[in-house]
C-alpha cells in the first residue's frame, strides 16, 4: 500500500535536497564581504526601523485571504474532475451552482478593488 | 508493524502542538504548527485516508498557514515582550480548580476509552480513502452541504473584504 | 462507467433558501454600482425576504424529506422560516435610519443579513449533523462580520473579536461532540442516530454520553446559556443596535431549533442522562440572567441579560422534549421577536445624532414628553415580564404547560419565581418613564420607518396575547 | 496492511491535541497564538473523524472532515480580517487590553 | 345568531375608553351626551335581543353561548371569550341598561356644575360595562372578572368627591367588603374547577345533577362560598354595613348602583346557578332565613333614620332580603320579578330624594325639611307613587311582586309560619317608614325658613316621570316575566291564591301608612311622647343596633392592638428588616454577577472551561 508513495517521497527528498544544496553552495562559494547594509535582515524592500503603524498595508493580507478561499474552491474541483463523467448531468448542474456563487464572489472582489496591488 | 510508525508520528504531532503554545515568538509557534499539520497528514495516510492527507497539506499547511505567516509579518510581531505564560492573580483559584476538575474528568474518560471494547478496526477495502469514494459521497449524499459551503466561502470573502479593506468608499 | 444515481431533491421545499441566496448575491452586485444611496439595496432585500416568506408555504404535503433524510421541511421549520424572514426584514427596516446616522455605509451589510437568513433557514430544517454544523457556521460567520461592521468604533471591534474568538472556541467543542456522536452511532442523520440508539447497538455508550455533553457545551454557547453566556452582554452592547436585535432573535431561534431537533428527535432515548444536566443549566441561566439585569444601567446590556434569562425558559421546553415543546418554542420565539424588535425600535428612536443615549436614565420623563412611545415601551416591558394580556404571558404559559405535562413541576415553579424577579427590572424602566421627570432635554429622532416597526411590534405583541389561536395552529 | 493500530489510540491522540488546543486558548495572551490553538482543536477533531471513518468503513466522516477544513478556512479569513481591523484602532495584539466592554 | 349581542358590552366600553383617554379634548356637554348615547344604544340592542328571543320557541332560547374565540386552550382546561344570551341575561340587560339610561339622563342635570363632569360619566359607563360583563358571562371566570370590575366601579363612584374624607372612607369600606365577597367567589371557582374540571356554565350545570345527590358536602361548600360573594355584593346581614355608608357618593350613583343594579348581582348569581343551589336544600334554607332576617333588621333601623338617603338605603337592604327570601324558597322568577319592580321604584325614590337634596342645596337631614309639596309638585307626585309602590299599595307594581313572595313564604314547600309572620311584619314596617319619610319631607310646614325650594329642571323630572309610570304599571308584567324566564329555571313558580292572607297583607299595609300619617302628618308632640316611651328601643334602633360599634369592638380594636404590638416588635426588626435585606442582598448578588463580567476574553474562556469541567465531572462520576 505504501509503495504508491515511493514516487511522492522521492520527489519530496529531491526538492529538499535542491533547496538546501543551493543555500549551502551560496554560503560556501559566495564572496563574504561584511558591511552594514548587507547585515540587515531582508524585509521585502521595506526599511527596517520604522514605526509599525505607518507602514502597515493591508494588500498583503487581502491577497493571502483570497488565495486561501479560492484554493479551497479549487480543492472542491479535484473530486469533481474525476467523477464528472459518472455524475452526468446532475453533477454538472451541481458544480454549475458552485461556480456561479463563487463567480459572484470573484467579480465582487475584483470590482471592489481587492485584487489590485496599489 | 504500523504501531512502530504510529507512536513516533503521534509523539511528533503532540510535541509540535506543545511547541505552538510554548514558544514565545509567534513565528516559531506558526512553524511548529505547520510541522504538526504535516505530522497529521502522515497520520491520515496511516489511516489510509489518502485524499484527506493531501487535502490537509494543501488546505491547512499550504493555504491557512501561509495566511498566518502573512498576518504575523504584517503585524510585525517580534518575539512577545510580555511573558507568554500569564494567569492573572485574581483567577488563580478558578484556574487551579478547573485544572484539577479537568484532570480528574480526563483521567476517568481516558481510562474508560482505553478499556472500551473498541476492538481493532476490520480490514478496510483498499479504495477506502481514495478521492473516488469520498467524491461520490460528497456529490451524492452531501450535495446540500457542498452548496452551503460555497455560500459560506462567499460570505467569508465578503466579510474579509468589508473588514480589511482600508479605504471604504 | 456506471452512472451514479442522483439523490431525490425536492426544489420546492428548498425554495426560501434558494430565493434568498439569489437575492443576497443580487444585492451584493447592486451594491457595487449603487454608490451613495442604499435605498435600492434595501428595497431589493425586502422584496427578496417577502418572496422567501411566501414561498415557505409552497410545499403542499408537509413534512417533505429530501437529500436522503438530511433536509426535512415540516410545520416547525416553515414557522421558523417565517420568524427568520420576519426578523431580518425588521432588522433591515430598523437599519435604514440607523446606519447613515451611525456611520455604517457598507452596502454589504444587507447582503450579509440575507446570507445569515439563508443559513438560519437551512438550520431550521436540517436533520443531519453536517448540515447543522454548516448552518451554524454560515450564521456565525455573517454575525462576526456584522458585529464588527462599525469599523471606526472600538466597541464594535471589540464585540466582534470577543464573539469571534469565543465562537470559534465553542465551534471546536460542537464539532467534537458531533464527531463522537457520529462515531458512537455510525451515521450523521438524526433519524438514523435515534434508530440506532433505539435498537441499542451503539458502539460505546461513553462516547455517546461524552458527545452529548460536548453538544450541550457547543449549543450552550450559541444559545448563550449560563456557563457559556459571558460573551452575550459585551457583544450585545458593542454591536450596532439593529444587529443586536437581529442577534437576539434570529440566530438564537435558529440555534434553539437545532438544539431542539438534535435533543428531542435524535437522542431522546437517553434523555434521562442529559435532562438533569440541562435542568441545572436552565435554572442557572434563568437566575444569572435575571440577577445580572438588576443592576444594569445600559439598556442594551439589560436586554442582553434579559435575553439570557429568556433562554432559560426556552431550555425548559427542550427538557420537556415532547412535540408540544417544539410548538411552544416556535410560539415563544415569534412573540419574543415582536417584543425585542419593538424595544430596540424605541432604543434607536432615543438615539441622537452624536450619542446613542443608551443609559437607562435617559428614559426618565418619557411618559410626559412622548406618551405614545412610553405606552408602547410599557407594553413591551410588561409583555417581556410575562403579564397576561400580552404575548409574553401566552408564550410562557404554553412552555410551562409543555413542561408540566412531562412532570417537571419544580422546574416550572422556579421559572415562575424568576419571571417575577424579572418583572422588577422591566418595570424599573416603566417607573422611570412615568414617575421621574427628565433632567436634560433630549430631542428624539422620530424616524417614520422606525416608528412603523414599533407600531407593527406593538400590534403583534397585543394580537398574539389576545388571539393566540391562528398563530398556534401554524406551529402544530 | 494489517491496520491493527486500535481505534482508541487515535482517540487518545485526538483528545490530547484537543486539550493542548484548549490550554493554548486559555493561557496565551497573543491573539494570533490563541487563534492557532483553535486551529489545533479543529485538527484534533479531524483526527477522530478519520479514525471513526476508518473504524466504521464509510466515508461520511471524511466529507465531514472536508467540511470542517472548509469552515476552518472561512473562519481564519474572517478572524484575521477582524484582527486587522482591530489592529488599526489599537496597535496591540495582547488580549487583556480589550476590556472596554465590561460590567 | 346573537352575534350582535357583543354590542351591548362594547358600546359602554367604548364610551368609557373615549371619555377617559381623550377626556381633555372632548368639551363638557358632548361628553354627557356621548355617555348617554352609548348606554342608550345598549338598551336599544337589548330590546332587539328581547324581541329576537321571544320570537324563538321557549326550548331553544336557552344556552345561546356566543363564543368569540378560544383564548387559552391547554389540555383539558379551555377558556374562551364568550357571552351567554338567554332570557335571564337579556332580562338583566334590560334592567341594567334601561334604568342606567334614565339615570344617565338624570345626572346630566344633577352633575351640571360639578367640575369633574367627564370623569363621573366615564366611571358610570365603566360601571354599566362591568355590570354587562357580569351578567352576560358564559363561565365563572368572566363572572368573577365582572364581579371585581363592578366592585372597582362602585369604589370609584362612591369616592367620587375625593376631597370629602368621609366619602373616601366609605369607598374603602365598600371595596374591602366587596373584596371579601370576591375571595369567596374565587374559592368557589377553584372548587368548581376542581370538581367539574371546567368553568363554563354549560358543562358545570349539565354534569352537576348527575354527579351529586342532594346535600352532598362539596355542593354545599361551593354554594356557601358563592353565597359569601352574593351577600357581600347585595349587602345582606353579615356584610351589610357598607351600603348605608355608600350613600356618601352622588345620588345618581346611589340610585344606579345601590338600588337598581349592583346590589341585585347577588340575586342574579343565585338565579343563574339555580341548578347548583337546588342540589343543596340546606343552602337554600340558609338563603331564605338570612334574607328574611336582613329584611326585618333593615326595616327596624329604617324607621328611625333621619338622613333621607339612609332611609332609602336601609329599605333597599330590606327589599333585597325579600328577594333572597323568594329565591331561597325556590321561587326564582318571583325573586327576579321583585328585582325588576324594585329597580324601578327604588331608583325613582333615590332620584326623587336627589332632586329634593338638589333644591334644598345639598341638605340631607329630613328633620330640616318640610312642606315641599307646593314648591316641587312633580317630585311630590312621583315620590308619592314611589312610596306607594315601596309600601306595596294594591295595584302598584310593588304590591304584585311583594304579595307573591309573601304568599310563597307560607304556602311553598319550604315556607313556614315564621317566614310568613316576619314577612308580614316587615311589610308593615316598610309601609310605615316609607310614608314617615314622605310626610316629613313633603307635608307640614317647612322647618327651615330661609330655604326656598325650586322644582328641578326637566332633565331631572323627565326620568322621574317615566320611572313613576313604570313603578305603577310594572305589576302587570308578572305573568310575562314568569313565562319569559321559565325556560331558564325549568318550570314555572306556582302562584298561590289565598284570599285570607292577601287581605291580611293589604290591611297591614294600610295600617302602616295610617300610623305614619297620624304621627307625622299633623304637627304635634305625639312623636316626642312616643319617643320617651320607647326611648330604649329607639336608641338601639337609632344606633343601628350598635352593629358598627360591635364590629369596632370585636374586630377593629383587637386588630389595632395586635398591629401596634407587631409594629414595633415584628415590623421594625422582623419583616421590614427582612424585606430590606432581601433587596440589599439581591443587589449584592447582581452586582457580583455583573462584576464577574470582567471584559477580558481569557476570563470568559476560563469560565467556559470551568463550566465544562463541572459538567464533565457531573457526567463522569454520575
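As written, the chain order gives the labels A, B, C, D and E, with residue 1 at the start of each chain.
What we mean here is this: contacts are C-beta pairs under 8 Å (C-beta built on N, C-alpha and C of every residue); 3 or more make two chains touch, one makes a residue touch a chain.
Computed from a predicted model, the values in this text were never measured in an experiment.
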Under the touch definition above, the chains in contact with both subunit A and subunit D are B, C
Need the most distant chain from subunit C, centre defined as the mean of C-alpha atoms. E
Using CA atoms only, can you tell me which chain is the most central one in this structure? C
Find the two chains joined by the most C-beta pairs in contact, please. B-D
Just grab the chain with the largest centre-to-centre distance to subunit D, centres being mean Cα coordinates. E
Please tell me the distance, in whole Å, between the geometric centres of subunit A and subunit C computed from their C-alpha atoms. 39
Could you work out how far the Cα centre of subunit C sits from that of subunit E, in whole Å? 51
Could you grab the centroid distance between subunit D and subunit E? Build each centroid from C-alpha atoms only and quote it in angstrom. 75
Indicate the whole-number Å distance between the mean C-alpha point of subunit C and the mean C-alpha point of subunit D. 26
For subunit A, what residues touch not just one other chain but two or more? 1, 52, 56, 58, 61, 65, 68-69, 71-72, 83, 86-87, 91, 101, 104, 108, 112
For subunit C, jot down the residues that touch at least 2 other chains. 4, 6, 21, 25, 28, 130, 134, 137, 141, 144-145, 148, 151, 160-162, 165, 169, 203, 210, 233-234
Residues of subunit E touching 2+ other chains? 594, 597-603, 605-607, 609-610, 612, 614, 616
Just spell out which pairs of chains touch, all of them. A-B, A-C, A-D, B-C, B-D, B-E, C-D, C-E, D-E
Can you name the residues of subunit E that touch subunit B in the complex? 598, 600, 602-603, 606-607, 609-610, 612-614, 616-617, 620-621
In their shared complex, at which residues does subunit D touch subunit A? 1, 69-70, 73-74, 76-77, 80-81, 84, 87-88, 91
Where on subunit B is subunit C touching in the complex? 109, 112-113, 116-118, 136, 139-145, 148-149, 151-152, 154-156, 158-159, 161-163, 168-169
Which residues of subunit B touch subunit A once you look at their complex with the stated criterion? 45, 48, 51, 55, 58-59, 62-64, 66-67, 70-71, 73-76, 126, 131-132, 134-136, 138-140, 143, 146-147, 149-151, 153-154, 156-158, 160-161, 164-166
Subunit D-facing residues of subunit A, complex: 1-2, 52-53, 56, 58, 61, 65, 68-69, 71-72
